[in-house]
Amino acid sequence: MRILTLKKVIAVSLLLTLFLGWVILISVMVGSVRVDPRQSLSILLRYVLSLKPTEHEMEETIILSLRLPRALLAGLVGAGLSVSGTIFQALLRNPLADPYILGVSSGSAVGAIIALLLGLSAYSFGLPLASFAGALITIALVFYFGRQGGRVHPNILLLAGVITGSFLSAIIMFFLSISQKEELHTIIFWLMGDFSFANPRSLIIILPYFGVGFSMLYWKSRQLNLILSGEENALQLGVEVERLKILSYLCASLITAASVSLCGLIGFVGLIIPHAARLLFGPDHRLLLPASALIGASFLIACDSLARTILAPVELPVGVITAAFGGPFFIYLLRRRKVVKTL
Amino acid sequence: MIDSFFDFFLTLALPHGRGRGRTAFSHPGGKGRGCLLMLCMLILFAPSLSYSSTLRLKDEVGREVVFPFPPKRIVSLAPNITEILFCLGLDEEVVGVSIHCNYPEKVKSRVRVGSYISIDFERVISLKPDLILATGAGNPKEVVERFNTLGFPTYVIFPKRFDGVLQSIRHIGQVVGKEKDALRVIESMNQRRERIVHLTGGLSRPKVFLQVGDSPIVTVGRGSFGDDLIRLAGGENVAGREREMYPRLGREDILKRSPEVILISSMNPNGDYERIFREWERWKMIPAVKQGRIHLINSDLIDRPSPRIIDGLEEMARLLHPETFKK
Amino acid sequence: MIDLHALSFRYRQDWVLDDLSFQIERGEFVGIIGPNGSGKSTLLKTLCRLLSPQKGEILLDRVPLTEMSQREIAKKIAVVPQETYSLFPFRVIEMVLMGRSPYLGSLLFEGPKDLEIAQRAMAWTEILPISERFIDELSGGERKRVFIARALAQEPEVILLDEPTANLDIHHQVDFLHLILSLNREQGLTILMASHDLNIASDYCDRLILLKEGRIYKIGSPREVITREHIEAVYGCSVWVDDHPISGMPRITLLKKGTPLHET
């Protein structure tokens, strides 16, 4: 009788991590400037093993200061968006849910735009902090509206989220309309997802949020399975449903807010990757969460590599690439109706 | 060339005064000693003759920049900077330009490093620049900071209005070791400006509407180059009191201001100017339309803070006061 | 084993449950009957603390429900739902293992003992052959058995069922009820079943609770509760009540409107 065991989860995770490592390697080796693959490898190895750096300063800078932080950031954000997408789909019991469905993205965007317009983006903390604040305020608002009688109703929450999101989008458009040319460009670029300013410092700042978010969500992954067949069911099986929901919403929103604050809005990842992971590994969150994270990381790194090489020297926004893959994949999912009964 | 190098080296060695006269040659009986000194220095510093030193300066936004002097490999992140560099006599030194750079002609085949905000950092790094030049009016702070963190000195100019352009030309001249050429360019630009101001001094100022954007209609307000040029060319900018640099006005609003001359800047290379002209033709109550004074003007000349802005000024003066500037 | 004191519950203005008090002994098979809206489902929901009553209390083995955690309740009371809808379908074995959840707590993975208990539950409900199938591929009857197995895996003392035979074909109804009865007789589980089918309630239950508008109209054995007067008073329609020729339990037959009645 096949049941899910820790061993199986570890085995799959290991496999996917190896795959992820390979994707990172490839992404570090491609770019608008041609660096010999063997050289790239040697630079990388020397760095990882803390050996003396080579004399090829230019290639070192490109590999270690540009491509590697960028790959790591893309990976982290990809994992974060995929995990929070998975959680939102489970909590809202809706296969079309994605990390932005509760208005978090609009809130982050408003925060970021305000920072840009006030000139706070000059400080490397300014933009991420402001957009993070925007996201948190939005989450608080949505929860305030979505709670009734001490309980969080998925449909009311959804409604509150969509309405708040729309309202915030209107604010964004207002800002766009009064902005001057220069600011406009930057805002729009950020709205479409931008990894070009990845640097190790921002990674380190955001890492704890991801770490805490992931751990808490994984700790509750078995109970999340129970919520899938209905909250009443879960309650009857002994799950403190309200607490679990609030914790999960909070963690997922935290991870989303952190991602958005780092690099703007990147769509489709949080929507598609959970479905892809479910197709491959089933709906059990104990396996699904790590699988989504690792697959999402690989996916976004690959997309970002494409985004920065296809039209060099100009970069395509990452969101364009994810949509280009996401769209057709979603259509494929729709045709495979077995996957999700409601679609 | 050796003269300026020598001068500069000495001004570093002698901290009191950057006076050009104070070289070894000016010392009485110093010609012989001067030659000996020069020979010694040549011998001592021969290996590092290519980079005599590093220069530490504050750029136009107050940042301290340290870079090898004179820079032999320069990357320009904006078209006006590129024009200035070439105008000062540089050519091979400019190893990378933005995709918008289009003047002089030979620049079109230089290595492109990105747009104003989307810079291909890898490509810039691969060019191994000594110095990167950016403009505060276009390149975002993040780009400049990024280059800073990566260890590439970036000098930022931020020209505002006509005089700002002259300043920037001067600063860039200092930065690339072409200060003399810079002063010459500035002098010439000043003279031409003076001439125009003088010729239009007593003339009445026609009301001018300068259109720099279509859908929505964008014009030039206080503090912009366009506004400055209109004033210098002897005109009155109908949007001159608007506090925004590039305000958007509705057509009725423009109607109210009754411009006597409408200048349409060639904002985009494939622009459909026929359509824009026809749009204006419909508003016969505007004086400019009635008198057929709607003209196209090259935006590269009037909206780009480069040496050619003086050409733009002259062109504008010609359009505003055709009788005075019959050429 | 289960004591209710003056239980009252309302959703909005009207009391759906009004001052209910009764006791249920261990091992009883109790049926809750009454018209729609009389509070049958609501009563069951308060018994597993899905809903919290505004007045009164429920005691489980003399411990108030309010003092127990959801997990502790789940270890004692299991619910067989009417129908569940799973967004992303699981396999049968996975569904049954979910019944072990109250015992796992924060543990993430089931151990060999849990697997053993689940297998026993599946054997008992005769679904071992379909243990690897996906739940959305099964028939209604098979699905019901999966939920019973899941309830069994909880190792409960009480099982609550809400209209369990609704939407089942008659042969499935028979199988299902047989299973429930065995659980009661052989395993000693206390069963509380809400049903709108009065004949089934009469046939299988030891005791019946007849609800009318949230209050207990009559509580007692089927013979005491199911009489023509009671049914007509609660349901407001004419019925014929006699003894079933084979089982001997009270049997209700619906009469067409206007049928003349005569005493037998």
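Annotations for the structure displayed:
So that you can tell them apart, the chains are marked A, B and C in the order they are listed, and the count of residues begins at 1 in each.
What we mean here is this: a contact is a pair of C-beta atoms (placed from the backbone, for glycine too) under 8 Å apart; a residue touches a chain by one contact, two chains touch by 3 or more.
Note that the coordinates shown come from a computational prediction; the quantities given were computed from them, not determined experimentally.
Taken as a contact graph, the chains are arranged in an open line, each linked only to its neighbours along the path.
When every chain is reduced to the mean of its C-alpha atoms, the one closest to the centre of the whole protein set is A.
The geometric centre of chain A is 44 Å away from that of chain C, both derived from CA atoms. Measuring from the averaged C-alpha position of chain B to that of chain C gives a distance of 85 Å.
Of all residues in chain B, only 99, 112-123, 125-126, 128, 137-138, 140-142, 145-146, 149-151, 244-246 touch chain A in the complex they form. Remark: chain A residues 1-6, 89-90, 93-95, 218-219, 221-223, 225-226, 228-230, 232-233, 235-240, 278, 283-284, 286, 340-342 touch chain C in the complex. Listed in rising order, the residues of chain C touching chain A in the complex are 48-50, 69-75, 77-79, 81, 84-90, 93-95, 97-99, 101-102, 104, 106-110, 115, 119, 131-132, 136, 154. Across the interface of their complex, chain B is touched by residues 31-33, 58, 61-62, 65-67, 121-122, 124, 180-182, 185-186, 189, 196-197, 199, 308, 312-315 of chain A.
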